[in-house]
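Think of it as A, B, C and D in the order they're written, each chain with its own count starting at 1.
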Amino acid sequence: MIIQLAKDITTAQHAQLEEQLKAINYKSNHVKTQFGDYIIGVGKKDFDIRTIGILEGVQDIHRVSDAYKLVSKKWKVQDTVIDLGDGVKIGGGHFQMMSGPCSIESEDQIEKTIQLLKDNEVKIMRGGVYKPRSSPYSFRGLGIDGLKMWYKMTRAAGIKIITEVMMTEQIDAMMDYVDIFQVGARNSQNFNLLDALGKVDKPIMLKRGISGTLDELLQAAEYIFSNGNERIMLCERGIRSYEKAYRNTFDINAIAMLKEKSHLPVIADPSHGIGVRRFVEPVALAGVIAGADGVIFESHHVPEKAFSDGQQTLNHQEASKLIQKIRKTHALREEMARM
Amino acid sequence: MIIQLAKDITTAQHAQLEEQLKAINYKSNHVKTQFGDYIIGVGKKDFDIRTIGILEGVQDIHRVSDAYKLVSKKWKVQDTVIDLGDGVKIGGGHFQMMSGPCSIESEDQIEKTIQLLKDNEVKIMRGGVYKPRSSPYSFRGLGIDGLKMWYKMTRAAGIKIITEVMMTEQIDAMMDYVDIFQVGARNSQNFNLLDALGKVDKPIMLKRGISGTLDELLQAAEYIFSNGNERIMLCERGIRSYEKAYRNTFDINAIAMLKEKSHLPVIADPSHGIGVRRFVEPVALAGVIAGADGVIFESHHVPEKAFSDGQQTLNHQEASKLIQKIRKTHALREEMARM
Amino acid sequence: MIIQLAKDITTAQHAQLEEQLKAINYKSNHVKTQFGDYIIGVGKKDFDIRTIGILEGVQDIHRVSDAYKLVSKKWKVQDTVIDLGDGVKIGGGHFQMMSGPCSIESEDQIEKTIQLLKDNEVKIMRGGVYKPRSSPYSFRGLGIDGLKMWYKMTRAAGIKIITEVMMTEQIDAMMDYVDIFQVGARNSQNFNLLDALGKVDKPIMLKRGISGTLDELLQAAEYIFSNGNERIMLCERGIRSYEKAYRNTFDINAIAMLKEKSHLPVIADPSHGIGVRRFVEPVALAGVIAGADGVIFESHHVPEKAFSDGQQTLNHQEASKLIQKIRKTHALREEMARM
Amino acid sequence: MIIQLAKDITTAQHAQLEEQLKAINYKSNHVKTQFGDYIIGVGKKDFDIRTIGILEGVQDIHRVSDAYKLVSKKWKVQDTVIDLGDGVKIGGGHFQMMSGPCSIESEDQIEKTIQLLKDNEVKIMRGGVYKPRSSPYSFRGLGIDGLKMWYKMTRAAGIKIITEVMMTEQIDAMMDYVDIFQVGARNSQNFNLLDALGKVDKPIMLKRGISGTLDELLQAAEYIFSNGNERIMLCERGIRSYEKAYRNTFDINAIAMLKEKSHLPVIADPSHGIGVRRFVEPVALAGVIAGADGVIFESHHVPEKAFSDGQQTLNHQEASKLIQKIRKTHALREEMARM
């Protein structure tokens, strides 16, 4: 149950509300975000929600049967729009692409990527400075200094940054140099990290776990939201299946179903979703036609020399062509939505 | 190794060829199809294939490293086109839709489905008369009499039939009333059935197994081909994954990859691929944009009363709209292919 | 709902019973097996089963909520014992081992295997004469002649035969030379084959599908039972998972749970369950301690030269040692059951 | 490649070694643990390792082809023994059980659990004070105060504590009250946490990821080891599969294979491995007979009232019986190892 509080609710009204919930044996969680003030009531007893709805200080009340509450479309029917500033918006009809290398490597590499994005009017650059790697002996990223260099260059070019944060201790240092924090698949149930990102006023892109269910993904998003941050994107990046022909199995069903279950924007990641360069295009277009609010894909000026993920990374010529095709596919989807 | 034999190869030339293969310790399989005459040589020794290529009676020779041979694109670069007659073709640029109920139930139902197809210029009707059911106590289909009734009605309307065959004993009786034999997911490694269908001169649509790999699907197709029947379609219908939010997980990666691995047409089945009616559309369109040569989906005039699979079946209004959208999406794909 | 009919039920009583089921809108399935006479009623209406229980000709009546009925332990609490003759029994406290090669290859091979079994007092020999193979170009077994040769030799030695049947057309020819028909994992939902085996008075060992659920396995067994054959064993042989370190993932949970869900004997197949020779032993012993009624495993006098599955096949020395350990483990399980 | 350094290696010798590695283009990682001093060389060039082996200051050198190095049995053939003090050892022939509730709840609960353990001579108590929960609205544990209370009571009773740590910030505060740090399945690839635990001189029990591969588990262990901590246990706790009949699918194959791949002790967790109370016993015994060095399972004096995981938790009577059976099964395994 979600109780939306009035902006001008008084302390006394709030206390009365809490008391009433206690009376019916409901556990109450107070959630205060950038945009709203809510009480999430969790309990078993069935009761007429109007008895609470009519209380002073209550703006609205909704019953949500899902395990997740605030991220559910059952409560908030209108799609969430995330505004990154400078006219860059995601969700609720706004579509964005994000591209760039797996790892940030050098000034030269950043410069070339920025050129690619500017040439194609793409507004968000992806790249990793903290890399989760299976082996401790692999390259683990340039760290905060790489981020600062990167930020300086993108800022000048009017490009936004999305990059992965791996631990709570990194948040503060990264804060001023990041436009979207990404949570990686391996951290999708790192609940302390989610808690911490809920306290940050920056958008978060949350990747589905390696073999995460949609329910787990939405509950992970609920962690962030219930800690105070409403600006969340969900990212489908392929799941682990028995099939060995590709790195992951892109779950196209998830794109369609997440759009129904939640009001949050949904992003498709075809690069990890199939993991093979020459198939990134069809998977990307499939994600778009199925309803994604954005696409994130890996590109590099020389994929063969990339520090990581080269085998699933497009070169800039391929990337440019894909961007055009994504635009055309998105336009058709919009047209068909009006049929 | 595939050795394509000349049309006019003599018995003596053939014998010489076999001898040569024996000499290098290769097992030889003679394959004679509707369209060609081949020897599939399987062995370990590496040798200069030109020593065989120059023999009299040999038209061409190819090394194919995949476990499957004749269905591989490494050998036959040109896409296979399956001609059903009356101008209905699939593959190699020809795109088809197939729709109709899970189970054939009655004259009235067939009539209404035919009307749907004619109104939308769809040329192939799907439907089951032999139904594989998990429980022995479920409805198992109208059988051969249902097929005959159905055939009579579609024939009059100029519509083709695709329907599932479950066992070799059914083939002869069904033969005259079927345009495409379908092999179901549960029979995708029923090798005796595949052998038998290889001896039939009717197109086969082979569904991927419940948790079949692409390799297994292609080797199953190889069974059919190597028994003499080249007219095969591959069908992606969703795989079994850990995710419980849908019946199956449609594997969009498979569409893209099968098109590269094989010259055979690839069909998308979004109905089984997600198993939830209101998501059939986005999955179908995803399949098309990713490269499918056709789409098969379930429709019924009153899905709520269907004998089986009602929960994933579109009504006729939804079906009509989907058909239009599939056409538009396919047209865009063709347009983008020229970019 | 299972209605057990009295041995002396009259035609009139039977008709009255059917009428009563019709009156409450229950679909009735008449099942006559080697041992009993049943009506399986399937319907939705809730009613007092005693109204049927008191009818003349009804011996007993049970409500079974599972999708499977006759194979459920909710109905038949006593474990099924399968008697192969000559004192060889499986289930209900009787434990058996079955061993031998993947494929029957030669007289010499059979002779050596028989010696292994006799030396170790194992009563059942496994081996394939019809082999389901992924590739059409692989060795597919010696066929019926191989079976006859094999039968002649085992008969003389007092050893029973278990072997796979792949299609209904093979049943009659194999009938006199087989003690247990095996249904392979790829045929576990070949419903026509299951129907046909239900009409045969020989025990059946049914393997779980490549990625079959327990529910599907039990419903497959229900096919056999409801066609008239109560003598069924269930075999756990590993499932397909994402883990690539082994051929299959042996599902030890299944052993424990099948023993609770069904009264049928449960057999562990560690050879396919892990697919790596040096780990067959620990998996076999795990199956035994968890409750299996028997173990089937592959052995060969020279595994390195086996026609198929050599990499998961024990040599005779290893097999002898495993047999001893299985006996000790089984003895401990029996001892602990009394704790 | 693992280069074990001599205890008395000089700075000059070390420098020379590094130089030599650089010369052949090998990346060198210096690892200093409680017990040894190593250089892990990672590179592609093939060379005669004796050229390095003969250098002054080098004690030993090994080639390890696995992605993981220091945790591989290819290098360290002798099993690792973890000594918790007071005669409590795990691995290399030493077997331990660990039991207790999912969540630490109260003094009374701790007291009753301690009594269970003392009565059965079990030396290690499990319990959670930081609980990873899918939903942010669930009970998340008593935290550090709960841990301190718990520690005081177990200390007095001579019982060791194993409990989960969820983030690096918790390590310092927990340090003095913990005997074994547990890393949960959801954190199995939280590489920063693994790094941090590598710097702690306390044993770590690392759970396999929700759908982690053996390779990923071993590489996660390599993170800990390469940061300086050799005292690691690997825990199999069931994997995520398509089968919905149980919470997880216990991977018995993993027990057998991990024992071969690594010298680290392997622990079986049957509670999470099947997730159903009445099947914990057979799965536990299977884990033991297959080679586990220990078993961790959940128990509670009133499972029906447990704050979490009640459905998979044994009551104390069941727990006592299981402990006895585990001992008997382990004894048989030891006996059979000598056969």
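Just so it is clear, a residue touches a chain if its C-beta (ideal position, glycine included) is under 8 Å from a C-beta of that chain, and two chains touch if they have at least 3 such contacts.
Quantities reported herein were computed from a predicted structural model and do not represent experimental measurements.
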Higher-contact pair (C-beta pairs counted), B-C versus B-D: B-C
Chain centre separation (chain B, chain C; CA means) in Å: 33
Distance between chain centroids, defined by C-alpha means - chain A, chain B (Å): 38
Rounded Å distance, chain B centre to chain D centre (Cα mean): 49
Contacts with two or more other chains, residues of chain C listed in rising order: 211, 215, 240-242, 244
Contact graph of the chains (line, ring, star, complete, other): complete
For the chain C and chain A complex, residues of the former touching the latter: 211, 240-242, 244
Interfacial residue positions of chain C with respect to chain D in the complex: 211, 213-215, 239, 241-246, 249-257, 260, 273-274, 276, 278-279, 282-283, 285-291, 321, 324-325, 328-329, 332, 335-336, 339
Partner chain A, residues of chain D touching it in the complex: 27, 29, 40, 42, 67-69, 132-137, 166-169, 186-187, 189-193, 195, 209-211, 215-216, 219, 222-223, 226-227, 240
